[in-house]
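Going by the order they are written in, the chains are A, B, C, D and E; count residues from 1 in each one.
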């Protein structure tokens, strides 16, 4: 696993974290290149299914980040998102997903350094955890035969 | 039972409903729903502790709606469901006549949803201790053990969608799983598609599930699906103090917020 | 006969025996049976809550739990200090499920903390006042300063008393007894309560201010509903008089004693002989002064 | 047809020997109150106390999801790969009615445009039925022209004779091959009358009256009356051993993809839903009628046989307690 | 089939120095759907932009990805360029290779690989972009100003002077608000009415301003540029067109003991009244709650008899009018807590414990004492006066955690005014802190202390009680080692907390604007949008947002006016079309929305409405959600909430974000295949 480089996808809001990442850039703060940012208008827009889709497509870790409470460009999207993540995380934990691979954070447009730190810490953590294959290869399990599935259940 | 028959009879006779949905018991002892349209059929109705099916699910059915005004015999979970879907704008007060039997064995006919709300709050069923225990037990396992448990259980799902069909809260015109532009949920019943489906189902029911446990009862593969929604209801209750099926006004954990909602994982 | 759970606490068995006697005597007149909670214990006042929160809740909680087990849903607590402790426990246990679990474990009693404590004033308002007027045989000719002290009205969020800085509950009761309530400023000032034994001079100084304000406005006597208020204004009168130019001799009666007198009960039955500041029935024969804002008697500067 | 006997206590040995040849053996195993076909590690995991398995052996030939092919896009060059099915399987313990169903299913998939995958799976699988000694209220094979004595569709048919031995009917060459592979286990015997060893399933309705009757009630209210309780799940179709509807799904990204075949059900609201939004079977009763018509009329027209074998699974699984037996009786009486 | 053009910018060395731009362009060229791919030194330069325009034409591109700097920097530039080449500007997206890649990573293969993936993600997105048109909304160039206090007056005049129509409504019979009640103003001590009344008159006479006094807003529908306001004009019972304001009716009115609102209850007025001599309009109204003609069935009628003009009209009715407006300025002001809020200060039963506003009236030359400081109980001039600052404010136990902001200054002013009028008198102020931030404010307070000898005591007052005709004020001096202080005062002035008006919650709800836990109206952003509300087109001015002094109120009012004027500067409002919408389709479904309306409460802008779909005969088919494009700001929270995916959003649609996510990292799913 020595040369494993984690693949991280970041779901960020346009107004705070995307701008915070821009600031990290204009400040030339260096951080790990493993992260790919996908831009949303607001954390309130981020569908929980997208997190599952990211894991399916091969992300080893996820960052979800938006405006600090009270700073939402749309006044309340992040509060709704916070509730969504509280529920969703509870479910993922209960089902046994490795939620340690998902970093939730508030990064404001002024927190370029925090953004870099969040990315670096997430990358380091995921690098230690190794690739996440629990989930992404499940589209093979149960195809074509009933035996492996029923074997699993009766075990 | 006679009292129930008389009540149904009078409801059908006086025109407050042209269809009455109740339970019946077959000769072999099987409990099934029955759809009474004629007053003289009223004695088909049966009620006992063995009447588990959540009849509220029929309220969404087009062919039931076609009857116009409908009467329904409701156990406590059906009442909770009716209240919840009323809050979600799916029923009109004047199109539904609801009857139940209270714990003392008396017939109660509700004039409106306010009365149902009061009744449900007075007769709130306690959480099923068995389910709570199973949730607790699962929560105490290691993450890997939980994953193995659910992967095994959910891998057996054949995607017959009985869980969806039996649930009164699953009334969407078009379910997410039927959206294919984009295909949010893999429809094949491989393990990935199954887990996606059940996670989405649980998320959509979080804070809306009335814990009637129909989803688990109807599952041909005996997957304890209800544990997922029971768990999320518990989370919604603990974190946001919100419970489903107790209010005629919308009270949904995920469409409201408090500025000081607490969490311990957002950095 | 109405049955009500009753928690006398230590004061009513000792220094304020007459409170107990008069309360029982009056209750009897109104066909109310006060049933002492079996095996009650110390409420923990006044020191426990400064030292150990769980202990300070567990002590009164035990009495609440016993009352619940004995089939009651509320409990009459005449002593203001006891009341404060029991009410605090009631509130804490009802808002903190984890604490309730812990206390249940400590007490080894399974209970739900649903027994709510209430005061003698609440008791009178609910069970006695509605029938009081018709039962009064000897209207009291007196100008009465109703003194509440601290714990009957504080903390406001807990006790749910409406005008906690200027309560009027006892005033409305004494009005029904035929007496004139006094409008005065020191109803809820501190009497020095807990220092009664250790710092008598401080108690004296504080009480002197209370006495002075009431007497200078024409009060002829005091009504109280707290054992500490009574004993400080009564037993420590000597210490108070040191600070007053003119010695005060107005008696300090429990509200229950006043009701008893108006009902025509015997002085002794009401324990009136037990007071330090003597009480004489002749007091009701004197004319009461008109509304005055009488001259202030010199209060030594603090 | 050849007839053999197998000492019942040789059954474990039979399975072990099959496994040693590299084949997979599926047998009934219990989970909760239900019994499913599954692989097993030891013989005592097999459950013999069941009327019917929850799922039919249909999934062995026609899995609930299977790969039709995969493709790759290598910078504009596309390559397609079809799956190769080599795994040989022995299924033990299906009921005779399931055999009838497999016969129908193979007829359906292999007759005109043979489905290669199903053909391969069929060639690779040997089905051993275990004739019924018990039945329940939901069994009605005798009403649809079959019985616990039926051997159609099985490769081998086992009957527990109650004397410590199985009476083995060798129905097909595939069955013969399997028996021949282990000559020391099987002894020759003559044809035996096994009927008294078997469950006596009562006849519930007269098929010969029913089949011509069904199209005559097409336009009546009977379907609505019967199906008001239907909540529109797909459970009946998924447990049905003859239901063959499927849906084709592509799972792909810009670089690669898989085409999958998945079970589908006529009970779903999206069944026959047109892209325009119109659905000729608009409501549940239309779909229910289609289901019953399919089993007892359309398949007679198209394949010269009804496509219900009386296994009763749809009745046992229905969340709303619907019973095809009762409904057919009510059609008969209409 | 998409034909996407990819344009990789080196940004000089900024990107090119770290990322192998040529390689990125080569990789992108092989990507499905990419018809053209190129790299260039500076894409934003003229030649760079021309490259894009030429490529669009030459390669018939259907979408463009410019991989350069942050879209927050140059997105408008490239969208403009693209539209000049004839394709919709919303078919252009930017991949952020500079801020998010080259500037934050080292020169390395992994950095180039990241750049390739960022391009790939945007290619997948842009394949699914739809051509969009900016939303154009016509603007009704009339502003509604709610409230005729100084904030409302300032806003109305500023808007009117910039050439736009203004409707001002005021619920009392005269404009002027609290400022008209004040005696002198800090820190200059100039007379409040002297500076205010000219403005009031200007409002009344301004050709662009229509003034409705004795009027209330009952409802507001619509959205920015297109509101419909329903206004209730309360019956004045006097025809103001006829009335000449002679005042005979007032002189004759027999009902004279009504507590006078203008004098904060310190004086009385008649039932037919003008609130104060300088009122605008200076014509009376009949207070029907107190007039015997109305309370006792037609008795009296004296005013009608004395009115020579015949202006009295008892039969007038409340009238509701509807006006189209394009913007609203809410300037409804504030209220203060009464003395009855303070148990420890006697529940309001001591006549000589008064509020700061009452003191203003006592000090005012037009007040009930004509400016002499006399105490209400017996009219004596108080020789010893105590002011208590922070009465209620900054006191969480009283439920008012905030600072009321104006009290420190007006308390200093009061003490000063008292000392100026009662030279030998003794004035003490109990305070927590002195907050005198503001031009000349600190100097003003120092003057009170140093020149006017006001005794400032840092500490709070625990109790006031009356004894021997004196008010005993018991407090503590925390600067003197927490020593108890007792003052025998003749009068006590409480600087009671400034609070939201009664009914402000209902008003906020009918305006669809947010309010805080104290019912003050909420600004859209505490720092950057202090005068806007989160409902576009509705602005805030003055103390309805939080307690404010006059200069702050006036500044905010002018700020609100500029916002309105800017909005009115164009005939049409152009808005970003990146908003949400609920799907619609043909029968029999009409929309996949099932009408659960869970989305309604999730929308911060109350933009989601119920819409009934009916058949040709008007029978209801179904009720579904509908998003008002005028109100939606495009946060997309409803989109993620909707279970059936019936809501989607332009610019961040389901298929766009899904494709973006699924385009990443799919090597691993490839292996599985």
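In the analysis below, contacts are C-beta pairs under 8 Å (C-beta built on N, C-alpha and C of every residue); 3 or more make two chains touch, one makes a residue touch a chain.
Here the structure is a predicted model, which means the values were calculated and not measured.
Identification of common neighbours of chain B and chain E yields A, D. Contact with chain A and chain D alike is made by B, E. Of the two chain pairs examined here, B-D and A-B, it is A-B that is joined by more C-beta pairs in contact.
Put simply, the chain farthest from chain B by mean CA position is C.
Among the chains present, the centre nearest to the common Cα mean is that of B. Of all chains, the one whose Cα centroid sits at the greatest distance from that of chain D is C.
If you average the Cα atoms of chain C and of chain D, the two centres end up 84 Å apart.
Here the CA centre of chain A is 63 Å from the CA centre of chain C.
The geometric centre of chain D is 69 Å away from that of chain E, both derived from CA atoms. Separating the CA-averaged centres of chain C and chain E is a span of 52 Å.
In chain D, the residues touching two or more other chains are 31, 55, 64-65, 251, 253, 258, 260.
The set of chain A residues that touch two or more partner chains comprises 48, 53, 56-57, 70, 76, 80, 84, 139-140, 142-143, 150, 153. Touching of two or more other chains is recorded for no residue of chain C.
By the definition of touch given earlier, these chain pairs are in contact: A-B, A-D, A-E, B-D, B-E, C-E, D-E. The residues of chain B lying in touch with chain D in their complex are 26, 28, 30-35, 53, 57-58, 61-64, 158-162, 164-166, 178, 186-190, 193, 214, 217-218, 220-222.
Per the touch definition, chain D reaches chain A in the complex via residues 24, 26, 29, 31, 36-40, 45, 55, 59-60, 63-67, 83, 85, 87, 89, 251, 253, 258, 260. Contact residues of chain B toward chain A in the complex are 135, 138-139, 143-153, 155-156, 176, 184-186, 188-196, 199-200, 202-203, 206-207, 221, 228, 231-232, 235-236, 239-240, 253-259, 261, 263, 265-267.
Within the complex formed with chain B, the chain D residues making contact are 31-34, 54-55, 64-65, 137, 224-225, 227-229, 231-235, 237-239, 247, 249, 251, 260, 262-263, 265, 268, 270, 283-285, 317, 319-322.
Chain D meets chain E in the complex at residues 70, 72-73, 75-76, 253-258, 276-278, 282.
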